[in-house]
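Working notes, structure below.
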Amino acid sequence: MTVSPLPLLLIDPMVRNALTEDLGRAGDITTDAIVPADLSARLVLNARQAGVVAGLDCALLAFRLIDPRIEVRVLRPDGSALAPGDVIAEVSGPARGLLTAERVALNFLGHLSGIASATAAITAAIRPHKARVTCTRKTMPGLRALQKYAVRVGGGANHRFGLDDAVLIKDNHIAVAGGIRLAVLRARAAVGHLVKIELEVDSLAQLDEALALGVDAVLLDNMGPDLLRDAVRRVDGRMITEASGRINAETAPAMAATGVDLLSIGWLTHSATVLDIGLDAA
Amino acid sequence: MTVSPLPLLLIDPMVRNALTEDLGRAGDITTDAIVPADLSARLVLNARQAGVVAGLDCALLAFRLIDPRIEVRVLRPDGSALAPGDVIAEVSGPARGLLTAERVALNFLGHLSGIASATAAITAAIRPHKARVTCTRKTMPGLRALQKYAVRVGGGANHRFGLDDAVLIKDNHIAVAGGIRLAVLRARAAVGHLVKIELEVDSLAQLDEALALGVDAVLLDNMGPDLLRDAVRRVDGRMITEASGRINAETAPAMAATGVDLLSIGWLTHSATVLDIGLDAA
Amino acid sequence: MTVSPLPLLLIDPMVRNALTEDLGRAGDITTDAIVPADLSARLVLNARQAGVVAGLDCALLAFRLIDPRIEVRVLRPDGSALAPGDVIAEVSGPARGLLTAERVALNFLGHLSGIASATAAITAAIRPHKARVTCTRKTMPGLRALQKYAVRVGGGANHRFGLDDAVLIKDNHIAVAGGIRLAVLRARAAVGHLVKIELEVDSLAQLDEALALGVDAVLLDNMGPDLLRDAVRRVDGRMITEASGRINAETAPAMAATGVDLLSIGWLTHSATVLDIGLDAA
Amino acid sequence: MTVSPLPLLLIDPMVRNALTEDLGRAGDITTDAIVPADLSARLVLNARQAGVVAGLDCALLAFRLIDPRIEVRVLRPDGSALAPGDVIAEVSGPARGLLTAERVALNFLGHLSGIASATAAITAAIRPHKARVTCTRKTMPGLRALQKYAVRVGGGANHRFGLDDAVLIKDNHIAVAGGIRLAVLRARAAVGHLVKIELEVDSLAQLDEALALGVDAVLLDNMGPDLLRDAVRRVDGRMITEASGRINAETAPAMAATGVDLLSIGWLTHSATVLDIGLDAA
Amino acid sequence: MTVSPLPLLLIDPMVRNALTEDLGRAGDITTDAIVPADLSARLVLNARQAGVVAGLDCALLAFRLIDPRIEVRVLRPDGSALAPGDVIAEVSGPARGLLTAERVALNFLGHLSGIASATAAITAAIRPHKARVTCTRKTMPGLRALQKYAVRVGGGANHRFGLDDAVLIKDNHIAVAGGIRLAVLRARAAVGHLVKIELEVDSLAQLDEALALGVDAVLLDNMGPDLLRDAVRRVDGRMITEASGRINAETAPAMAATGVDLLSIGWLTHSATVLDIGLDAA
Amino acid sequence: MTVSPLPLLLIDPMVRNALTEDLGRAGDITTDAIVPADLSARLVLNARQAGVVAGLDCALLAFRLIDPRIEVRVLRPDGSALAPGDVIAEVSGPARGLLTAERVALNFLGHLSGIASATAAITAAIRPHKARVTCTRKTMPGLRALQKYAVRVGGGANHRFGLDDAVLIKDNHIAVAGGIRLAVLRARAAVGHLVKIELEVDSLAQLDEALALGVDAVLLDNMGPDLLRDAVRRVDGRMITEASGRINAETAPAMAATGVDLLSIGWLTHSATVLDIGLDAA
């Protein structure tokens, strides 16, 4: 399934912001001094590493915002698998604009492709289990919508986008409320009918409470594979099950093998490694 | 030497933006439903991993912007070395505000401390050589000023902040200009007297041209330790020397031993790993 | 249950925007010319009509943003029932600031209290049925978060806040997809595990499809009380049921008597009548 | 006379703001999941109720901002009288964009057409008297320029746009100044030569003071038709006369028959009812 | 008469913008490197030239936005006459903040005091005639509200603040309309009752048309003193008279002696000379 | 050498801001009332005074932002010498848009051309000396990037763009640090390798310290030609030399004759006189 692109209206201010940050008050003084205004060039966005493309819209918008005369041709759209040397897109037009926009374009593309690639890798590692990788709210300030999009591109599923689109009851909330039951009841009374409620549970006893209350999903936190398997069996499809707690490429298969629905992985967005992509001569 | 904090005026819009992104249109629906409005709490920002603190101003501002009644007490300011379990700061006040601001505060603090810690680690690894670690423009869109600050906190030095505050002549520019000499002369004619000029060179032949032209700094790209040592000797202090190209914790000491002035490391900012910091009961 | 206030961070830019719109480029030229700078006054926000208060935070913030020396005292916070003549809050301080902020303060307070009052009225009319009033996305551009808050204050429940926090499959989507089944399956495959899916149905046949697919909620559109009762019975608690289509104070009780869970009413936000509140001498 | 459209520069940020509010962080998840990216459609904005169109520029801009490939054809521009079933405009292009922009487009169009229609209705009711309907500063926060434009489209006249473009001396100002005379003199001394001065008067005695001072306009507040007729006669064209105070469709003709120049009506903007317009298959 | 200060809400974003422009991405690197964080200082804003103060609110806000701990004491508020050496205000607190904010504070204060001083000088030169100096829309982009305020502080009167708060019919409009009469009638029909109409006339024949139409004011453009005197006599108080066209300190007295109401002077705002003010040791 | 234009991305928000400031809430009510919507015109930007063009991009963008149908033809681009009567550019399209954008377009063009012209004049006056004119941070709030660009267009060189792109150590810093040596050492330790350090010196003794420390540039403040010549000789090319202190067209040649590298002139940007340019019939 192809992932739908983010609306231009949402990415436009982020790309403008990044370009403004880089241009400062005087613009690209190196390129302006050295490169003739009437020189044209054709360059390619080039994978130097295997992975999955994400963020091409942002990268290409960076070029077009610097100079609307720059033309783009997409060869491997977001979601494409990349081998080293693969050309992702071609950009052609005034050489000044190409060089000025290069770094911002690559910063978006490398970071988001890094997230998509990591998501795809761990998704592949847990096949053929039904579990899907999901992200968290541990994101880079200001970049959440883009990062979550990159997770989708990599084949992952999105968790909450913010504090307002679903209820996630954690240990602190339970402690304050005086128990799971009161916490869930208060949440259910307060929120609208299209808001789901997920509950973090640390033990099978808590899980039983969750089952009794009928929440939509449980976050099974820091459980090893054995305990997790017990928990998933006990739920038996009556709620969505999500496992969290330092899940990585090595531990994921065993976790996925428990039958859990989702593996929640914070480092996809808070510690993503860039995918190496360059802007090279065509 | 203590690193000066960033002006509040610069970090305020970034923290507001991150909070707005997380609050969405309805705010923290979980906490608002479950936690009584008049409940107070005292929590601590707690290191779960060794490292160096950076970004505490952002984290504490997140709490205060959510509720100005929250009081903060700093125990380990930016630049402090952390051992696991060390308390960085205390936050106390309305429990709702503490829980609502938690994730945004930790997102800033964990990411920036991660950069500072990585910078500090590699800085320690190249002691007693004179070389300093420096960053690049390979930063997260919108977060450059903060990331570069974190590099300073970790003991690193900053490279250009954008396209406008120094000239960096790369291979593309040289090719377009028809040679190093023309590129440098054009740049020198175009920019003000307080702008430095750095030139990327790939060979000793190019280095000789740079020396003849008297640029301020040379970026010695992708040179191994032996070639780099030759280059540094040839410069003999007449220009600043900077090495770049996939430098990591293992290769850095040998690179630093060449006598080069700076080691330029992109992954400090484009692929930083979060430092694990939590918000715990006091 | 008390409704939690919106975060200051969310209402602050809206109130600044409204004040800027009213101040223009020269500010309150009438008051500045006539009222001495050192004159103080004490005024009250006064109900001239029965209803329910909502939006007091916005109104009081308007005064404080114009002059931080203005002090406020809340007598009837958001959610309070008002009789004509009831004092909602006192504002005291520099007379200029009080007069300058008056209109913007009242514009927020009157509009939001109007929404809360209408919601409360129709909520009262359908007691003792279990149905709750809910709002729609038919809101004033830029004011949605505030309007939905006012609905909560009046005892109503919130529907989606935007296009991104829940799936609502309407007739157009069904037509395009080639049927309910494909539409629901595509939606389920695309969205995260914390996103609910609601389906608009116009007939019992469609309702049966919805039941078979197990969506979270059904929007029963334009059904009269008899058909609606049949539909609700058929659902028998297995999904949330919501009725929509020109529901007003007169028709609501009969609709609620069908046992439906929610009555969706667009005019609460798109055609709300102001509640008459004035700023009078204390 | 045709009313001039608002500059695109002024409406563009309002429409972007409304779309951003609706798209949230993930965009239209329903449409993106269900509607194929390459599906095109042609839809019409369709009147379901008689009235007057206003706000078409905003509505069409909403579509074009979501997808610039959407093409629009205007059949009944702002100011056109509408009968139920009349087509206002056609929009054609990518089906996803049409569905995503629909609600925001209709929110602008329905609200502004509602204001224009109400203004037109009351304007028709007071024909053949010379009085014109005028609006107030009792507007929706952030939407004043649009609402005042809709009043013009409906045949009404605009009062002040803010606190800075004319002087309006009310009872509070008079009380503080120690009388009408001092208030007017202070205002006249303070403001520029292109700023008019209007004075609110409650009695014929106050009116005589206003005549003696030669203000530009008087606001005759809360006067019944008889007293108003006396007041208008006494003014005898020497000042502009404006009546205010709970004027509605029933009372307006008698008020207009007094010969007063303007009827000021707050509810046109603070309590407007939406005009029912839909987006239907062409 | 004291001129009322501009609302803080209006100047705050302008001062933030100016500070952000100066701080760039790294802040005041000189001061941060050299001045200890705990050093305090007391400095004074000191007139080095005679003139009139304007813009002190902006200047002091610059200091407080950089460091809220900075305290200010105003000795000569806006509108005060200054002799060389006069202290305008004292600022005390952290030395870093004082030095960092200095240039932005002085840029506002020097520029606005320059405008106020020039306005005051020419106002003094035309005493005892009744004519007042007025400004135009020839202002610095983004600074109009501040510049017009400075004109008021210097004793001048304000012309239009923008294209929307009064009608000014110029030769182009007359030509397009096919004559003065049609232009005035169209304008009168289009605008609200609180909007004045001024007409630019170049000859006594045009002036007679203006008198017959009863506009509010005439702009007598490029008339020498003799023709201007004739024009003013012919108007005889029935309209406001304004003279424009390269009026300066030398020609102003003769122009004012004609009895004209206003002298319109563009260079007050488009070519103002800074007033020399420094930040010195207390 | 042609000066590179500023990126559209940087000037776009400034031009929008200026237009919004002028349009207010209702737009150009004069033109909208009088000029038919379908009338086209062709007008020219016309020099009424000799000088140098700068800011044409801003002026033309103002027209295009008001109405994208307006077409522009540039005859004399930025940097062109102008004689009175020279046509700079042609603008043609809807007459309304041309008149509405006129003032904002001219405000940018006249101001920036004024700066370029003054810079060019003083640059011509100091030929054939090698000294170049340079600007300062004494700029109009919010317009610095544009003003510095205009200085470049006029043949001048740019000093620092802000507090963050170079170190400038002034007397205050030296006093606080306890001497030049400590000040320079602290700065050198704190800033990156691409940041230059300039030191303000008032005497030959201080100059000797600067030479010993090897800073990049010295600002020779308030030195007469004789002392300045001694200073320049003593430096003998080892540092960049810059003279400052009330330099004007009359004193500049003697200052330049000393061999100094740069003449720093604040009034170019803080007290620039507009260049008279009009919008006339083609």
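The first chain written gets the first letter, and so on, giving A, B, C, D, E and F; residue counts start at 1 in each chain.
As a working rule, a residue touches a chain if its C-beta (ideal position, glycine included) is under 8 Å from a C-beta of that chain, and two chains touch if they have at least 3 such contacts.
Keep in mind the model is a prediction, meaning the values are calculated, not measured.
Among the remaining chains, those touching chain C and also chain F are A, B, D, E.
Comparing contact pairs by residue number, the interface of B-F is reproduced by D-E among C-F, D-E or B-D, since over half of the pairs coincide.
A turn of 120° superposes the CA atoms of chain A on those of chain D, with the angle given to the nearest 5.
Judged by shared residue numbers over all numbers used at their interface, chain E and chain F contact each other through mostly the same positions, with over half in common. Contact tally for D-E versus A-E: the pair with more C-beta pairs in contact is D-E. Averaging Cα coordinates per chain places chain C and chain D 22 Å apart. Here the CA centre of chain B is 44 Å from the CA centre of chain E. Touching two or more other chains at once are residues 4, 21, 23-28, 32-33, 100, 144-145, 158, 161-162, 164-165, 168, 189-191, 195 of chain A.
For chain F in complex with chain A, the residues that touch the partner chain are 2, 4, 6-7, 9-10, 144-145, 148, 158, 161-162, 165.
By the touch criterion stated above, chain A contacts chain B in their complex at residues 14-15, 17-18, 21-36, 39, 95, 99-100, 103-104, 106-108, 110-111, 114, 137-145, 161-165, 167-170, 172-173, 176-177, 182-183, 186-187, 189-191, 195, 266-267, 270-274. Contact residues on chain C toward chain A in their complex (touch as defined above): 1, 4, 134, 157-161, 164-166, 168, 189-196, 198, 216-217, 240, 242, 261-262. Interface of chain F with chain C (complex): residues 21, 24-25. Chain contact summary for the complex, chain C toward chain E: residues 16, 19-20, 23-28, 32-33, 37, 65-66, 96, 100.
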